[in-house]
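Next, two complexes with chain A in common: one pairs it with chain B, the other with chain C.
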Partner chain A sequence: MDRHLAQLALGALLALPLLHLLARGTPLLPGTLRDLDVVGASLVLAGAGTLLALGMGLGLAVAAVWGRVGGFWESLLLLGYLVPPFVTGMGVLFSFQAFGIAIQGVPGILLAWTLHYTPLAYLLLKPQVRLALGLLTAARVHGVTGARGLGVVLPPLLPALAVAGGGLYLALLGNFGVPAVLGTPAGVYVLPTLAYTRLMSPFATDPLGQAAALGIWLTLLALPAVLLARPGILEARETPLPPGGGPYRLVYGLYALLALALILLGLLREALQNPYTGAFQPAFAQALALPLVQAGLRNSLLLALLTVGLLLALALALRPFPQVLRRIRSLLDLYYLLPGTLLGLGLILLLAPTPLYGTPWILLLAYLLNFAALALRALEGGPRVEGAVAVGRVHGLPPWRSWWRLGYPLLWPSAFAGAFLILPLAFSEITLSALLYAPGSETVGVAVLSALNGGLYREGAALGLVLMGISALGLLGRPRW
Partner chain B sequence: MIRATVYLLLGFLLPALAQGSLTLYTSEILADVNALVEAFRRQNPGVGVQVFRSGTGEVVAKLRAELEAGNPQPDLLWFANEDFLKELAAKGLLRRVPPTVPGYPVQLAYQGGLYYEVRLLYNAIVVNTQRVPEPPSSWRDLLRPAYRGLLGMPDPNFSGAALATVGTLAQRLGFGYFEALKAQGLRIEQSNPVLQQKLARGEYGVAITTDFGARQEIAKGAPLRVVYPRDGAILVPTPVAVPTWSRNPQLALSFLRFLLSPEAQRLFAERGYYPVLPEAPRPAGAPAQVLGIRATFADPGLLAQFNALFGLRR
Partner chain C sequence: MVRLEAVSKRFPKGGGVQEVDLAVEEGEVFALLGASGSGKTTLLNLVAGLLLPDAGHVYLAGRRVTHLPPERRGVGYVFQDQSLWPHMTALEHLLLVMPRPDRRRAMALLERLGMGEHAHKRPHELSGGQRQRVALARALAREPKVILMDEPYSALDPVLREELRREVRTLLKDLGITALHVTHDPEEAMLLADRVGVVHGGRMLQVGTPQELYERPNSLEAFLAFGRGNVFLLDGEVLAFRQEWVRPGGSLKGLVRERRILRGEVLCRVDLPFGEAWVRLDAWPGEEASLEISPLLRLPRRPEGEEGAVGE
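On to the complex of A and B.
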């Protein structure tokens, strides 16, 4: 009973920003009727992007399984997902500009989303694809041919497709960076960018309330997927497969290279070359000399390190109590799954009257809430160490020493993997920081957006490349996916 | 490692704690405000300067929100929205700090020095010489068939200078002028710098935009040319003001004095602006005199009309 009460209290506390948002936005909901086109655009764009990424991810997963692709090529593909989405957006923008094509608007957004989220779809689908294709091989041996093969492949694949699709839809719905870079300048809005615009509008009578009302629409669009969302099934047994085929490997490799080239070419050209004279003039030094960028790099590094350190400490402290860990994680899942715009607006509403507002600490709080589920999951899914701890207990160690000497050392790899997963994400965060930053607490994501909006294209591109390099660090901590 | 962490943490905390810290809210171009802040800090070591920089629209929105919450942050205001400054002045929220530098043109200190110009910028016609061999020479020339589909201007919801363009040209030529421009295929970009980048790269041929920004790109080799229309370029007021709520008025005053110092005036000229003081150098490649008409900013009604015409969302 007590435990339930505590869980309820914690849940209510965690939901406070969201409840605040709902309360503030509801009276202004009628005023958002003129924005129904943006609600529709958000839904259609996120849906279309999800289908595109799922289709590409599925194709790549099949190619990977049949072509026995792994190691280097897989890392190359995954790099696309580790690059912050708004950097992918910039890369697409500049690459097409190099060919004289203005890709801003719907095509640009969909292309950048597909490039960014296909690796995620691939990761989520590959284990089930391997299972399904193994079954297909077995069925072929037993004489199943042609379209009847679908009857073998679909049952194990459909749940995975639904889960991956739900996760992708949520990610796309809440994505701020790509539509901010490729949509807003062309007058194409989705809910997160429109909410930001309302918040920043000098002519809005009640900027916060109007943004909160849009947040309600965002919640409504996200809710079905949140209710359906389940952690992907990432463990599957190896199944017998036909011998690997060269063509599949070729297709896979070509996609990975093309995707990376589409992002990199434009960024490199813009960052390295004077666009008017064609002279080789790298813009890195200029970019890094901007005080805004220096502050952004410093703040982002600190925020990311603090976030990772605090969250992993929390996860490790909770690990001896798996029930509690699971419960808290399932509460915090909400802030990982729901669009960051909602958390950002909720925190503004909740904390604007407090001294916390306008300081870096509000950003830290937002990051902690946003990334907590990831950190807790990293340890929740780690090796089962209870046996080792029990052995220590049997040999007379007190509980905490038994954990310290036997349990935690076995968990370091999981913690390490979690740290490398969260660090790049937190470092190049943009949705929350664009809403919550104040002068002096700019993040590097805010600095890049400012550079782009201020016409410093070349400096923005140079920073994008720097962020890409830092994101590639995430590959170091890559567990066996 | 530990020491590095401590320094990092201090770097995180100190800006909030430092006493000698100045917060500036401005629409001044990022690179320009950086150059000024750096020069100021060289003269005043140990002073921290926090800058919030965005389009005038966003800067004003942020300040309005802070005023509503009773927690305004800036010590110094500098953007292209005179009406908002008038509003603040009427509420007695601006401190009178008249420019006492000899030779300062009095007509640039508004309301007896409640706020005033530190350099001048004009909205002019800027052409990409590779796309447009024969530049227009007046505002009406933009309606000639030769420029159809090549025209761009920044979003008046975001850019204060564009708000001045809409207000001034609608007053002088009528709102029909913008309807005609719309029929000419005029497109709206978010900000002046973004528009200028696209113009310099040939996405546009002719733009109604700020003169100094175009000159900065010309200095980098862009194929641009600034044309001051013979019926008058639009002088965009971008005054500086010190609010009464400033927690550090002395520092705000010394930054103001710095902006009128020979060094800052020279910096302005280097970056393509017209300095206000007579003995300061002129911007390179710019005429000594510009026929300027003082801007009228568009009021909310006119802006709504403009937004409806171009399908802009705010």
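On to the complex of A and C.
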């Protein structure tokens, strides 16, 4: 009973920002009825983006399985997901500008989302696609062809599609960076960007209340996907596949190259070439000389390192108690799944009356809450760890020594992978930073956005390339994803 | 040395052990024999402290250890899958579990088990047999009074299995260590153990020397635990005998139906007055054989569906 009470108390404490947001926004909800077009746009855009990314991810997973793609090409594809979404947006923007095409608005948002989230869909779908195609191969051996083959492929695939679709929808619904770069300048708003605009508006009568009310709409759109029970994924032994096909590898490789080129080439052109003289004139030095950028880089690095360090320390401390770890992680999943805008607004409402507000510490708290689920998940696995510790104890090692000498050394690779996954994400974070920064605590994401808003496109592109390079660090942890 | 007193353990999904009593003497090699899921490993884990009993008590060297954590029970454990630590060398396995790490003694133990030249290798660099030797060396390294062994040879090929069985028995006897050895292989139990306990459905059915259990099982399950045999239901009574208990020249008449050679032995399927049986007999189909069966067991239990020849 005590344990349940403690869990309930912890849950309530962790949910406090969200509860505050609901309490503050609910009375103002009728006033947001004029924003229903944005609610609809958010829903339609997130839905369409989900279908696009899901379709592309599924196609690539099929190509990867039939074509035995792995290693280098897979890393190339996954790099697209590690690049911060707003950098993808900038890359798309500048690449099309090079051809004189203005891609801002709905097409630009959908293209950037597809480029950014297709690797995620691919990652989520590939194991089940491998399984389904193995089953299809076995069915073909027994004469099952054509539409009857769907009866073999769909049962293992549909639950995975539902899970991946739910995750993608939530990610797109909460995405701030891409609509901020490609939507806002063209007057296309989604809920996160509208909430941000209201919050920053000098004309709004109650900016915080209005943003909170929009947050409620965001919650309502997100909840069905969060509450949707995770469908059971069918498990079966992998059956052998026929020899790999070259054309599949070619299609896969071409997509990976094209997707990266679409992001990279525009950024490179913008950052390296003077638009007026056409001369080779890199903008890195100018970008890095900007005081806001210097502060942003310093703050982001400190915040990312602190976030990773504290979260991994927490995860390692909780690891010997797997049930407690799982319970806390399942509570914190909420902040990873729900749009970051909600957490940002909730923290403003909760902490505005405290001295914490307007300091870098509120950003650190937001980062910790946002990335905690990822860190805990990274160390949650490792089924052999408990076994190794138990064996140590049977042979006379006290629990703490058994963990120190046996459990933790086996967990280092997972901790390393978790660190290299979270570090670039935290370093390039923009949704929470844009809402919670104060003068002096700007992050690099905020600096890039400010550069773009201030017309410093070349400096913004140069910073985007720097962030891309840093994001590639995430590939170091890839074997453990 | 090891004593279980009315120990019970139930699992939420079924299985476990019920009111098991057991006493293993000092220096004795005791085999727990039974089929998969019979509760053998559960008993081992209760002794090791990896499981706590719902009822009953566990004693080691006269001390009640029922609720002591595993690290304070002073046993060694050779796991079925070896459970070696992937980041440690063979030598480090031993040094870690020694109360006072002694490199020379650890090396001597590894050398005794033929692992001296592999002392600095990690588990993935070793063969199955070598990993098993490391697991055994680790279990012995802290000089336990009791060693627990859970089907330690099941993953090895027959030649290696045979070799290790002999070595381990010699080693245990030399060191005077009490061993509780889980196996589903009756041959292994007979070769290794001083005494055997037959476990079935979470209960200890019978305890005795291998010969006692082989010749005088007290139940059908105990009879079948020791391998091949013929079982017949006659007027509610169960008759059982092993193939090798049949000799030619008795008063029992039977018609030979089939002749086969299995593992170098000639076996015949014979029509007997109470049914059909496989017996060790050198005869040809169509011949009438005169046989003597001794002993012919009359067993108290008759599980549903057990009728006719069982086993080979």
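What we mean here is this: the second predicted complex is superposed on the first by the 468 of 481 C-alpha atoms of A that agree within 3 Å, B and C clash if a C-alpha of one lies under 4 Å from a C-alpha of the other, contacts with A are read in each partner's own complex, and residues count from 1 in each chain.
In this section, a contact is a pair of C-beta atoms (placed from the backbone, for glycine too) under 8 Å apart; a residue touches a chain by one contact, two chains touch by 3 or more.
Values in this document were obtained by computation on a predicted structure and should not be read as measured data.
Aligning the two structures on chain A places chain B and chain C side by side, free of any clash. In the superposed three-chain arrangement, the CA centre of chain A forms the vertex of an angle with the CA centres of chain B and chain C, and that angle is 160 degrees when rounded to a multiple of 10. Once the two complexes are laid over each other on the shared chain, residue contacts for A:358 go to chain B alone; chain C is not touched. More residues of chain A are in touch with B than with the other of chain B and chain C. By the touch criterion defined above, A:324 lies against neither chain B nor chain C after alignment on the C-alpha atoms of chain A. By the touch criterion defined above, A:43 lies against neither chain B nor chain C after alignment on the C-alpha atoms of chain A.
Look at A:226: by the touch rule set out above, it reaches neither chain B nor chain C. In the superposition on chain A, A:272 makes contact with neither chain B nor chain C. Of the two partner chains, chain C is the only one that A:393 touches; chain B does not reach it.
In the superposed model, A:409 makes contact with chain C only, not with chain B. Across the superposed structures, the minimum distance from chain B to chain C, using CA atoms, reads 27 Å. The intersection of chain A residues touching chain B with those touching chain C, taken from the two complexes, is empty.
For chain A in complex with chain B, the residues that touch the partner chain are 38, 97, 102, 184-185, 187, 189, 194, 197, 199-204, 207-208, 274-277, 290-292, 298-299, 301-302, 305, 352-353, 357-360, 438-440, 450-457. The touching residues of chain C, when paired with chain A in their complex, are 48-50, 69-71, 73-77, 79, 83, 85-87, 96-97, 99, 138-139, 141-142.
Residue ranges of chain B in contact with chain A, taken from their complex: 8-9, 11-12, 15-16, 23, 25, 29-31, 34, 37-38, 50-58, 60-62, 64-65, 69, 71, 73, 81, 84, 157, 188-194, 196-197, 200-201, 203, 213, 217, 220-223, 300, 303, 311-314.
Chain A meets chain C in the complex at residues 384, 387-388, 390-399, 402, 405-406, 409-410.
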